Amino acid sequence: MGILSLLILIPLAGAALLHFIKNENVAKYFTLAVSLLTFVISLVAYFQFDNKALGFQLQEHYDWISSKSVSISYFLGVDGMSILLVLLTTFLVVIGLIGTWNSITKNVPGLMALLLLLEAGMIGVFCSLDLFLFYIFWELILIPMYFIIGIWGGERRIYAAVKFFIYTLAGSLVMLVAIIWLGVEASKISGVFTTDLIKLTTLSRSLPLDTQNYLFWAFALSFAIKVPLFPLHTWLPDAHVEAPTIGSVILAGVLLKMGTYGMIRFNLGLFPQASIENASILCVLAVIGIIYGALVAIAQTDVKKLIAYSSVTHMGFIVLGIFSMTREGLQGAVIQMVNHGLSTGMLFMMFGMMYDRKHTRAISEYGGVAKITPVYATFFAIAMLSSVGLPGLNGFIGEYLTIMGAFLSPVLHSWWYSIFSATGVILAAVYLLWMYQRFMLGPITNESNRSIKDLSMREIVSVVPLVIFMIWIGIKPMTFLKTSESGAYTLSNSLLGVAPEKTNDFQIVQPQVIIK
Amino acid sequence: MAEAVFYILAAGAIASAILMVTRKSAVPSALSLVLTFCFLAGIYLTLKAQFLAVIQVAVYAGAIMVLVLFVIMLLNLQKEKFAITSNWKTLLGVLCVCLILAQIASVIILTQQKFPGQLSDQATELGTVESVGTMLYQSYAFPFELASLVLIVSAVGAIVLAKKKLT
Amino acid sequence: MSKTDLIAALPLIILATTGFVILIWDAFSKKPSRAPLAITIIGSIAVIAAAVSNMSSTPVAAFGGLFFSNTFTNFFTIIFAASVILSSLLAEKYLFGKEIIVGGYCALTVFAACGMIMLASGANLIVTFLGLETMSISFYVLAGLFRTEESSNESSLKYFLLGAFATGFFLYGIALVYGCTGTMNLSDIRGIMLAGAKPVASYSSLLYLIGILFIIVGLSFKVAAFPFHQWAPDVYEGAPTIVSGFMSTAGKTAAFAAFLVLFNYALIPNPHPQGGAEKIQIVLAVLAALSMLYGNIVAIAQTKIKRMLAYSSIAHAGYLLIGIASLNSNGITGVTIYSAVYLLMQIGAFGIVGMLEKENANALDLDDYAGLAKRRPWLALILAVLMFSLAGIPPFAGFFGKYYLFLAAIDAGMVWLAIVGVISSIIASYFYLRVIVLMYFRDAKHDEAVSEKISAPLVAVAFVTVALLVLGLYPSLLLHSIGYFFQ
Amino acid sequence: MAPLSHYLIVSAILFSIGAAGVLFRRNAIVIFMCIELMLNAVNLTLIAFSQFLGDQQGQILVFFVMTVAAAEAAVGLAIVIAIYRNKETTDIDSLNLLKG
Amino acid sequence: MAELIPYIVLFPLIGFAVNGLFGWKYKTNPIAGVIATLAVTASFVVACIIFAGMLGADAEHRTLHYTVAEWLNVGKVNVGISYLVDQLSIIFILVITGVGALIHLYSMGYMKGDLGYARFFTYLNLFIVMMLQLVMADNYLLTFLGWEGVGLCSYLLIGFWYEEVKNSDAAKKAFIVNRIGDFGFLVAMGIMLVAFGTLNIAGVSAAALGTGSSAAITAITLMLFLGCTGKSAQIPLYIWLPDAMAGPTPVSALIHAATMVTSGIYLVARSNILFALSPATLSVISVVAIATALLAALIGIFQNDIKKVLAYSTVSQLGYMFLGLGVGAFSAGVFHVLTHAFFKACLFLGSGAVIHAMHHEQDMQKMGGLKKYLPITFWTFLLATLAIAGIPPFAGFFSKDEILWRAFSQGSFFLWLLGVLGALCTAFYMFRAVYLTFYGSERFDAHHHPPKEVGAAMYIPLIVLAILSVLGGLVGIPEALGGTEAIHHWLEPVVGEGEHMAIAHITIHGEGMEIALMIVSVAVAAIGILLATRYYKSKTTLAGNERKIGGFYKLAFNKFFIDEIYNTLIVRPIYSFSNGFLYKIVDVKIIDGIVNGAGALSAWFSSVARRIQTGIVQNYAVMIVVGIVVLIGYILVF
C-alpha cells in the first residue's frame, strides 16, 4: 500500500475505532495521536516528493470498476500543488484539534470521528487522479461537515447545515453529470468509458468546443459554489457562523480550497481551450467577489460573519490567479490557498477561543479587550495582518502574485481585473482594522469583560506554529513555491501554448531587458 | 347474413354496455352486463371461436356475475342513493375516454387496408374445444399450471380478507 | 417438458412449493407461530441457491419458448427471493399482536414473488400477463391485511380498483401488439422487430406503438410513475408498513425487470429499427422526468414518513425509468443495479419505520423521529445511512446506481434527462436530510436511551446497511454478477 | 363477413364504455363490473386477431384472462366485503382517509 | 564594504526580536530602551563607516550591492532580499539611523514609566528595520515591503495608547489612507512588470530609457505618485498625518516628520528617470505639491494644538519637497528632506519636551511664558523655527530657497509666487507657536505644577538636532552664494540623468536673479515673523482676536472641513452602500433571497402539487386517462 493510501486510511481507521471509545478524554488523545501520525506521514510523503520531477508522483493505481467498456480505478497521486494542500490539511487538523481542545463538551467521540472522516475525505480529494474517485471523496466530505454544523453548531445550525449541504450537493451533482458526460465522450473516442484524469487530459482536448464549454461550466459551477465565488457565496457566512470553531477552521482552512484546487486540476487541466475562452467571465466574478466580499464585510457586526466574507474576498484572489493562467497567477493561487488556510483558519480558531470565554459573536460586546488579554491581542493582530496582506507575512505573497498574474495574463485582455482586485487591499485594511479596533482596542466598554482570561499555554502552543508558518511564507516563500513550481509551470505552459496573443490596454513594446 | 348477425350483436353489446354503466342501481347494471357478455359470446361465435363463446357464458355470465350479484344482495346494496359522480374531473375523464376511443378508432380505420380481409382458413379449426384444449395441455401446460397459482392466490386472499373470524 | 425445462423453472417451482407448504402448515397449526416465516426463509434460500446455480448455466427459453432462464432472470430471481427473506425478517415482530394470519402473509408474499419471477422471466406475453396478475392480486390482498383497519381496507380497495383498471390497458396493449406482430412470443417479436420488415410494416406501426404505449401504461402503473402513480402514496400509507416495503421494492423491481425484457429485448430492441422507437424513448424519458420531479417535490410537503417514502419511491421509479428510456446496455446495467440497490434501501427504510411503529404505538409522523439519535443511536445511524443512500450520496450504493443511470442517459444523448435527474436529486436531498435533521439535530420529546437488542428486523436492516456500503465501495460485485444481459 | 376493423372498433367502443364507467360510477362493485367489461372488450380484440391471423395464442390468452378475471372477482369482492364490514358502504367517494 | 550592508539592518532587527520576544518580562525596565537605542546607534555607526568608505571612493564605485537571500522567484517576478546602497540611499540611511538613534535616546526619557515601554521600543526598532528596507531595496517589491512595513509601525505607534478611541481611530485612519496609496504602488508594480518585465529599480530605469516616454510610464509614475501622496501626506491623502499626532511625540518626530513621510520623496528621486520621462506626471506633482504646501500652511495658522501646528507644517514642507521633485529638482527635494529631518525632528522633540513638562497638555492656549522654565528647550526650538522659517544661514533657508529658485527657473512664476506665499505663512505660524508657547503670560497653574526642564536623555538630542538645523544647510550652499552645492554633486550620479531630462526646456536666469529672489523670500519670511510678533508676542488672550477674522478663520481653523467632506462624500456613502444596499439588500434579500426562494418555491409547489392527491380513486383514474390521451396524442401527432 502506498503512502497516500495510508494517509487516507489512517484517519478512516481512526474514525472507525472511535466508535468503541466512550471516554471523552481518551477520544481526544486518540484523535490527536491519529492526526499527528497522519501529519507525520504527510511530512514523509512531502520529503519523498521530488520537487524537480514532472507529473504526478507517489502514484497508486488499482482497478476498481473495470470491464470491457468501463474503466474506473482507484488512482492516487500528487503533484506539487496537491502535496502542499495535503500538508495543509493534516497540519490544520492537528492545530485545530489542539486549539479547540476544550470547546466541545457534547458527544466528543462523535465529533472526533467525524473530524477524522473529514480529514480522510479531504486528503482523498487532493490525491485522487480519477474523477470518479475524486467525486466520491468530494461528496464524502459533505456528510461529516453536515453533522458537525448540525449537531455542534449555533442557534441556526439546522438552517446552515441544510443550506450548506444542498448548495454544495447542487453543484457537485452538476459536476457528476459532467464527469459522466466526459467519460461517455471519451468512450466514443477510445471505446472505453474512463474517468482516469491523465487519459482524459489528452482525450478532452479533441472534443468539440461546444461540449468542452458545457463541461467546463459544469465543473466550474460546482467548484465555484465550493470556493465560493460571487454570487454563489451565501451559504458560506451561514455555515461559518453556525459551525463550531473546529468546523469553521476546517471549512475555511481546507474545504474551500477544494473548489480552487478543482478549478486548477480539472477546469484548467481538462479544458484548456474552454478555460481560455471563459477565463474572463470567471475573473470578472472573482473580482466582483473581491470587492463585494470586502464591502459586505465592512457592514458586519458579527465577527465570524466578517471573517466569512473576508474569505469570499481572499478566495476571489485565488480564482483570479488561477484563471490568469500565468505562472505567477497559478503559483500565487497555490500559495494563497495555503495562506488563506493558515490565516483565516487562525482567525476563526482565535475567535473561537474568545467565544469559549464570552459566548457571543457580536463585535459590540467586546472592545478594549487587548488591555485584558495582551497575548491574545498580539496573536490576533498577527493573524489579522496576515489576512490584510501585509508584506513580510504570508498573505501578501499570494495576493501579490495573483494580482501580478492577472496583470501579465495573456488571456485577460485588460488591466482592470488587476486594478480592481488591488482595491481589495485597501478594503481589507478597512474591514479588518475596523473590526480589530472595535474588538480589541479602545476603552473597556463592557465591564464583565475584565474577567476574560488570556491565552493558556495550550492555546499558545496551537497558534505559534501558525505564526511561524505565516512569517516563513512571508519571508521565504520559495520553500513552498519550489514544491508547486513544476506543476504550476507545466500547467501554465500547456495552457498558454494555446493562448492567443495578448493585447494590452496600453500598447507597450516589451524590450528584453537584462540588468545585472 | 353473417355480417348482419355481427352488427346486430355488436349493437346489442354496445347498447347493453351503455345500459350497464348508466343504470342507477347495481342490480340492473349487473344484469345488463350479463346481457353484454351474452352478446359478446355471440360475436365470438361469428368469429368461429366456439370454445371461448361457451366459456364466456359459463365463466363470466354464469360464475363471475352470479358471484357479483350474490355479493350485491349480501351487502344489500340495491337501495343506495349514490350512483354517479359528476364534476368537472369526471367529465374531463369521460372526455378523455372518448378521445382515446377516437384515437384508437382512427388508427384502426386509417390502417384497415393492411389487415387481413377475412377470417383465416384455420379459423374454424382453431376455435374448437379440441384444438384449444390440445394447445392448452401441450404447448401451454406451463402457463396453465401458473394460472392455478393465480386462483390459489385469490382463494387465499379471499379467505384472509373476508373470513369472519381469524384464529 | 424436459429436464432442462424443469431446471430452468426450478426457482419458481421451489418457491411455489414453499407457498403450498406454508398453506398446508397453516391449515393444520392451531395457534400462531413463527414457523411460516421460517419456512419462507428456508424456501427462499433454496430459491437463491437454485437461481445462483442456474445463473452460470446456458441461457434457455424453457417450455418451448415460454420461460427464460439466464443471468438476467436469475439475477432478478435472487433479488426477489432476497426481498422475501428481508420482509419475512422484518415481519418477525411486526405482525404479531395483530389479528392476522401469519401463514397467509407468508404465502401471499411467496406467491407474489412467484408472480415476480414470472414477470421477469416470461418469454411470452401470456406468462408475463399471468405473472403480473399473480403478483398484483397478492398485493391487493396484502395491502388489506389489517382488515379491521379502515386505512388498510381503503388502501386495498384503491389498489385493487386502479390496478385492475390499469391491467385492462396493459392487456389491451398486449392484444394490439399481438395483432400487429401475430405472436406473443418475445423472441419472435424481437426477430420481427430486428428484421424490421414483415408484419409491422404490412400492418400498422401506429397501432403497434399504441400497443406499446398501453403496455407502458400498465407497467408504469405498477412502478408508480407519473401520471399513473397516484395510487402509490395512498396504498403505501394505508398498507401494513412491511407490506408497503415489500410492494414498493420487490413489486417495482419486478415491473422494471418486465420493462427491460419487454422493451430492451423484444418490443424495441437495439439497434432501433423503427422511427417509432424515438417517440417511445421520448415518452419514457418524459415520464421519467416528471416522476422524478413530481415525486421529489411533493415529498417535501409530507409530514408522515410512510407517505414521504411513497413519494420518494415515485421519484425513484423516475430514476429507474431513465435507464429504460435510454434503451442501451448501460441503461440495462443501471436499472439492474439500481433496482437491486433501491430494493435494499427502501425495504430497509420501511423496515425501520415498521420497527418504530410497532414499538412506539403507531409513531408514523415525521416528528416522531425527533431526537431518535439519542434514543436509538444504532437505528438512527442505519436510517441515516439509508437516507444518504436514497439521496444518492457516495460512498453508499444509491450513488453508484444513480451514476449508472445518468451514464445511460448521457450515453443515449439525453443530457437533459440527466440534468433533470440532478435537479430532482437536489430537491430530494432536502427531505431526506430532514429525517436526519430530526433524528440528530433536534431534541427528543422523551430522551431515555434504549439499548438495542438483537432481533430479526435489526439484523435485516443492519445487513442492508452493510450491503449498501459494500456495494457502494465495490460496485463491481454487482456489475460482475450482472455481466452482459442481452448480447 | 364483417372486416377485422369492425370487430376492433366494436371492441374499442366497449372498452371505452367500460373505462368511462370506471370514471363515473361510485359503487365499488359497479366499478369492478366496468373493469370486467373492459377485459371482455380486450378479449374480443384478441379473439378477432387470433381468428383473422390464424394464430391460436390469442385465444389461449383469452382463456387465461377469464381465469384471472375470476380470481380478481373473488379478491375484489372479498375486499369490498371487508370494507363493508368496517364502513357499511361501498361508495368509493367515502374512502378518502388517505390523501395529500 | 558591501558586506557591511546587512549589518545596518541586522542590529535593529536583533533589537526588535529581543524586545519583542522578551519585552513582556522586563516591562518598564529601561533595559528595553537601552537595547533598542544601542541597536540603532550600532547601525548608525555601520552606516557612517560605509559613508566614509563611499566618500573615499570614486563616484563610479559608490554604488554597493548586497544580496541577502532569494525572496520571490516566480515567472517574471524575480526579486531577492537584496540591498542597494548608493549616494541617495546613504543619505536616507544616515538620517534614519542618526536621527533615529537620537530619538530613541530621547524616548528613553520621554516614555519612562509607561506600561508599554518595551512594546514601544519593539515597534520603534521594527520601524527602523522597515524604513531601511524601504530605502535600501534594490527592487520595488522590497521597497514595497518596507513601505507597508513602516505603515504598519506607524499604525502601531499612533495607536500606541489604544485605550483611547481617538488614538486607535487615528491609527486606523493612517493605515487605511496609506493603503490607498499602497494600492497605487501595487498597480504601478504590475504595470512595470508588464511593460518592462522586471521589478529591479535599475532594470526598470534602464528599460524605460530604452523605450522612451510612453503611456505606460505615465501610468506607472502616476500610480507611484498616488502611493507617495499617501505616505508623504499630499493632497488628497494628507488627512491622516495631523491625526497621527495622537501617537507619542517621539514617534511624531521620527516617523511623521523626519523619516517615514519622506519616503515618497525617496521613491520619486529613486525613480527619477521614470518620472523624468513623464512630464505630465511631473506637472501633476508640482500642482499637487504647491497646493498641499499652501493649504497646509493656511490651516497651520490657526491651530492651537502645538503638535497639530507642527503636523501641518510637516505637510506643508513635504509639499515643498514635492514641488522640488515636480520641477525636476530631485536633488533639491532630497536636500530639503535632509534639512527638514533635522529641524522638524528638533521641533517635535522640543514640543515633546514642552508637552512632557506640561503633563501632556498640548493646547497652546494653556501654555505661555515657558521660556524661563525650559531654557534649553526654548533655544533649540527657536533655532529650529528659524530654520524652518527660511532665515539664512539656517539649514531650511538653503534647501527651501533652492526649490523655489528651481521652480522659478523652470519658468513657472506662479509656482514660485505661491511657494513664497507659503513661506510667509510658515514663518508666521511657526513664530505664532513660539510666542504662544514660550512668551506671554502663564496660562496654566504654575504654582502647583511648575514645569521642569527635561533630563539629559531628552535634551542631548535636542541640542544635537538644533546644531544640525543650524549647520545642515552647509552641504548645499548654492554656487550663487559661493557655495559648493556638495549635495548636488554627491547625488549627481543617481538623479543627474533624470534632472537633465526633466528640465530640458529650462529658462536660464543669471545668478543675479537667483540672489534677488533669495532676498525676496528672506524678506517675506521676515514679514511673517514680524506679523507674528505683532499679534502674538505679548498677547494674553488670543482666541477672541483670531475669531474676529471671521469666515476665513472658521475655514482654516476647521481645516477647510476636508475631513468632514471626505466623511460625507466617501466614507459614509461607502458604509451605507455596503451595509444598507450590498449587505442588507443584495446579499440578504436578493442573492440569499433567491437561494431561499428556490427552497420556498419548491415547498410551495409541493403543497400545491399534493392537492392533486385528493384521495378519491376516480380522480386518480381520470389522471391515468388524461395521461394516456396525451401520450397517444403525442405518438399520433408528432
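For reference, chains read A, B, C, D and E in written order, and residue numbers begin at 1 within each chain.
Basically, contacts are C-beta pairs under 8 Å (C-beta built on N, C-alpha and C of every residue); 3 or more make two chains touch, one makes a residue touch a chain.
This is a predicted model, so every value here is computed, not measured.
Enquirer: So which chains count as neighbours of both subunit A and subunit C?
Expert: Touching subunit A as well as subunit C, we find E.
Enquirer: Counting C-beta pairs in contact, which chain pair has more, B-E or C-D?
Expert: Pair with more contacting C-beta pairs, B-E versus C-D: C-D.
Enquirer: Chain with the smallest distance from its CA centroid to the overall CA centroid?
Expert: The most central chain here turns out to be A.
Enquirer: Report the chain whose mean Cα position is at the greatest distance from that of subunit E.
Expert: B
Enquirer: I'd like to verify one number: the distance from the centre of subunit C to the centre of subunit E, where each centre is the average of its C-alpha atoms, in whole angstrom.
Expert: A distance of 78 Å separates the two centres.
Enquirer: Based only on mean CA positions, could you tell me how far subunit A sits from subunit B in angstrom?
Expert: Computed from C-alpha means, the inter-chain centre distance equals 70 Å.
Enquirer: Any idea how many Å lie between the Cα centroids of subunit D and subunit E?
Expert: Subunit D and subunit E have C-alpha centres separated by 96 Å.
Enquirer: On a C-alpha centroid basis, what's the spacing between subunit B and subunit D, in Å?
Expert: 6
Enquirer: Name the residues of subunit A that each touch 2 or more other chains.
Expert: 166
Enquirer: What positions in subunit D touch 2 or more of the other chains?
Expert: Where subunit D meets two or more other chains at a single residue, that happens at 8, 15, 18-19, 22-24, 26, 31-32, 53, 55, 60, 64, 68, 71-72, 75, 78-80, 82, 92-93, 95-100.
Enquirer: Which subunit C residues touch at least two other chains?
Expert: Within subunit C, residues 124, 126, 130, 133, 137, 140-141, 144, 147, 156-158, 161, 165, 206, 210, 233-234, 302, 430 contact more than one other chain.
Enquirer: Dump the list of chain pairs that touch, please.
Expert: A-C, A-E, B-C, B-D, B-E, C-D, C-E, D-E
Enquirer: Please name which positions on subunit A make contact with subunit E in the complex.
Expert: So the residues of subunit A touching subunit E come out as 163, 166-167, 231, 233-235, 292, 295-296, 298-300, 326-328, 331-332, 368, 370-371, 374-375, 385, 390-392, 396-397, 400-401, 403-408, 415, 418-419, 422-423, 425-426, 429-430, 433-434, 437, 440-444, 475-478, 481, 485, 504, 506-513, 515.
Enquirer: Can you check the complex and tell me which residues of subunit C touch subunit D?
Expert: Result: residues 124-126, 129-130, 133, 137, 140-141, 144, 147-151, 153-158, 160-161, 164-165, 167-168, 171-172, 174-176, 178-179, 182-185, 233-235, 237-238, 302, 307 of subunit C touch subunit D.
Enquirer: If you look only at subunit D, which of its residues touch subunit B in the complex?
Expert: Against subunit B, subunit D makes touches at 1-10, 12-21, 23-27, 29-30, 32-34, 36-37, 40, 43-44, 47-48, 50-56, 59-60, 62-64, 66-75, 77-82, 84, 90-91, 93.
Enquirer: Quick one: which bits of subunit C touch subunit B in the complex? Just the residue numbers, please.
Expert: It is residues 1, 5, 9, 16, 19-20, 23, 30-32, 62-64, 66-67, 99-101, 104, 107-108, 111, 114-115, 118, 124, 126-127, 130-131, 133-134, 137-138, 140-141, 144-145, 147, 156, 202-204, 206-207, 210 of subunit C that touch subunit B.
Enquirer: Show me the residue ranges of subunit E that touch subunit B in the complex, using the header's touch definition.
Expert: 618-619, 621-622, 625-626, 628-629, 632-633, 636
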